[in-house]
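The letters A, B, C, D, E and F name the chains in turn, as written, and every chain counts its residues from 1.
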Amino acid sequence: MKFAILVNEGPYTHQASDSAFHFTQAALEQGHQVIRVFFYHDGVNNGTRLTTPPQDDRHVTNRWSELAEKHDLDLVVCVAAAQRRGVVDEDEQKRNSKDANNIADGFRISGLGQLIEAGIQADRLVTFGD
Amino acid sequence: MKFAILVNEGPYTHQASDSAFHFTQAALEQGHQVIRVFFYHDGVNNGTRLTTPPQDDRHVTNRWSELAEKHDLDLVVCVAAAQRRGVVDEDEQKRNSKDANNIADGFRISGLGQLIEAGIQADRLVTFGD
Amino acid sequence: MSEELQSGIVKKFLYINRRAPHGTNYAQEGLEVALIGAAFDQDVAMAYLDDGVFQLKSGQDTKAIGTKNFSATYRALGDYDVKLVYVERESLERRGLSEDDLMPLVYEDEDDDWEEKPLIHVVSAGEMQKIISESDVLLNF
Amino acid sequence: MSEELQSGIVKKFLYINRRAPHGTNYAQEGLEVALIGAAFDQDVAMAYLDDGVFQLKSGQDTKAIGTKNFSATYRALGDYDVKLVYVERESLERRGLSEDDLMPLVYEDEDDDWEEKPLIHVVSAGEMQKIISESDVLLNF
Amino acid sequence: MLHVVNKSPFEKNCLESCVRLSQAGSCILLIEDGVYGALFNGEASEEIQTCLKDRKVCVLGEDLQARGIESDRIMSGVEVIDYAGFVRLAVEHPKVQSWL
Amino acid sequence: MLHVVNKSPFEKNCLESCVRLSQAGSCILLIEDGVYGALFNGEASEEIQTCLKDRKVCVLGEDLQARGIESDRIMSGVEVIDYAGFVRLAVEHPKVQSWL
């Protein structure tokens, strides 16, 4: 079965990203496909490589990056939400004349259409948020 | 009278930062002192210079930076909360071996002691959050 | 658009709005999804319940709080081919509101000589149950 | 510490905890403030009300959700010279909890031969009203 | 003491807790989505009515206007103030409690 | 249809809305702070009792354990499942509604 996952909150403040991660992992373990994980609202803050959580805590962003690498997951950060909140890749950096970028490995920035497309193509869309 | 302001949510998602801004401005207009604005929890996300909000919307971070410049405000981002969420200045960049930083003009990263100190020194601590 | 989208799958998208506007921007960013989604040739409906009904309150003016007044955008829903806007009656009543308090949203019916018709349908909780259960993709804001 | 802090101002700090643990990290980051604050020689008390009472529930184990189990840190409150932990009775009762469900927090009383004494005081809403109104600095998590 | 409530009473329990735990003589200020609590015929009106007996209740005009709540929809006895008034309330009262 | 509730019923209105707007035959899953709704003697127990008449109610074990809620504190009739069970529920039911 094809799943799409929507994550609406950032790391640490809300459990949403953790729950989405565990659900995604469990779905993959059962042999399902996860066609896209879409990060919207404050969820875009999962996609920064600049976090340094305490050593005895989980690393939310790296965990997503590693899962994406292992299972070839498509982690998409919404461009409009990312612009409001300061999540930037190289293209966005150039386009908005910023002096740095902060996107994490395995994440890409794209439009809201990717969420709609995931809703159309997936058998199930599961949302995690606040 | 001396005010201290605590902001617990990031820009755009919650109105907290807007409300704190308007309150701070109104307090300054009445001749009060605002000895510190402390950003905690997701509030640290107000302190990134990488946001590009839509042109017809307010620029939450720049507005804080400009107010700070004008009134010599002390905008403090909590270091522990910032590490979890990826808000980084030059020192933090070196300390945690990051390849970029994103702190905005007028903000500085410091410890939670700065919040307690503000609570001790201010006549009033006013909190804005979710 | 990608190959799969040419395949002609048409699903019923329901945008469920349960939060007040302005205190958070879920309402605004939710509306942005609905407008983008309108380009995808799917069946689209909006549902407003709980504090979400406040999103449609007439007379909103954000000048004094300095935020973007996106409430004008609701009037564009009809132009984006969204023809069904459901509002739960119980949610209105618990908040002391009636349909008269809501913005008068309309669309032009191309099948009826472009006559202006109301977009908003006030429905009972029972009807809302059914609308939710008969949709294919549920997006919550 | 800065000059002002040498001035000997002692205020009553009250940390008001109204949220459940784990679903958000306000509880965890709130506790971090309280522990840092303990170094400042102020009068410190903790208040747990509404879903905040769930923070003190015994037997929390976050291994299966992979988050940090900060609930062990509450046991350190006594060592940080926090001697007053108020829990609102009404909040416990509405949630079907009693004092027996809470972690047994203690401190060693230096004025009484280091005897272990309970930190938690279950109080009524009326008493909590008074505790809140008599504090100088209120921090909410 | 000044109590600030920023959540809709239809969605969250903040106003309820504020009412339970604020004392006679204190002031309750509704801001952000908290202003919906001042609607005169909403379900929260009883709670506000109780408060008005021995507490002052204010609501932030800027937030009412943003939400399209005209002043004739506000319960009588509730005072509409602006940000300058918010600051004055914070000065008048020796401490501020935010029911987040 | 699978309905997911992730908020404490003591703090927010999500469970209430889910109960009002879910149909007979559907399944309600409590996760994150939503698991507090399954406490057998809490104030939300009546709402869950109503649901149990014609709906299936499940609760995520991982989130119960994190919060120190032992299984003997859960209302009878509520089924404890794990993340694998959450995925199976999402497969069984043709759509998933999250009451955020």
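Here are a few things to note about the model shown:
FYI, a contact is a pair of C-beta atoms (placed from the backbone, for glycine too) under 8 Å apart; a residue touches a chain by one contact, two chains touch by 3 or more.
Just so it is clear, the structure is predicted and the values come from calculations on it, not from any experiment.
In summary, the chains found to touch both chain D and chain E are B, F. If you tally contacting C-beta pairs for each pair of chains, A-B comes out on top. Between chain A and chain C, the centres computed from C-alpha atoms are 26 Å apart.
Put simply, the C-alpha centre of chain B and that of chain E have 26 angstrom between them. Between chain A and chain D, the centres computed from C-alpha atoms are 35 Å apart. Chain contacts: chain A has residues 12-13, 15, 19, 22, 41, 54, 80, 125, 127, 129-130 touching two or more partner chains.
Those residues of chain F in touch with two or more other chains are numbered 6, 10-11, 13, 32-33, 62, 95-96, 98, 100.
Multi-chain contact residues, meaning those touching two or more other chains, occur in chain D at positions 22-26, 50, 65, 67, 137-138, 140.
Here the touching chains pair up as A-B, A-C, A-D, A-F, B-C, B-D, B-E, C-E, C-F, D-E, D-F, E-F. Chain B contributes residues 6, 40-41, 80-81, 111-113, 115-117, 119-121, 125, 127, 129 to its touches with chain D in the complex.
Looking at the complex, you find that chain D touches chain F at residues 19-24, 50-51, 54, 57-65, 67, 71, 94-96.
Put simply, chain D touches chain B in their complex at residues 1-2, 4-5, 9, 11, 13, 25-26, 29, 32-33, 36-37, 39-40, 42, 137-140. The residues of chain E lying in touch with chain B in their complex are 4, 6, 31-33, 62, 83-84, 86-88, 90-91, 95-96, 98, 100. Within the complex formed with chain A, the residues of chain B that make contact are 10-13, 41-42, 45, 48-54, 61, 80, 83-88, 92, 96, 98, 100-102.
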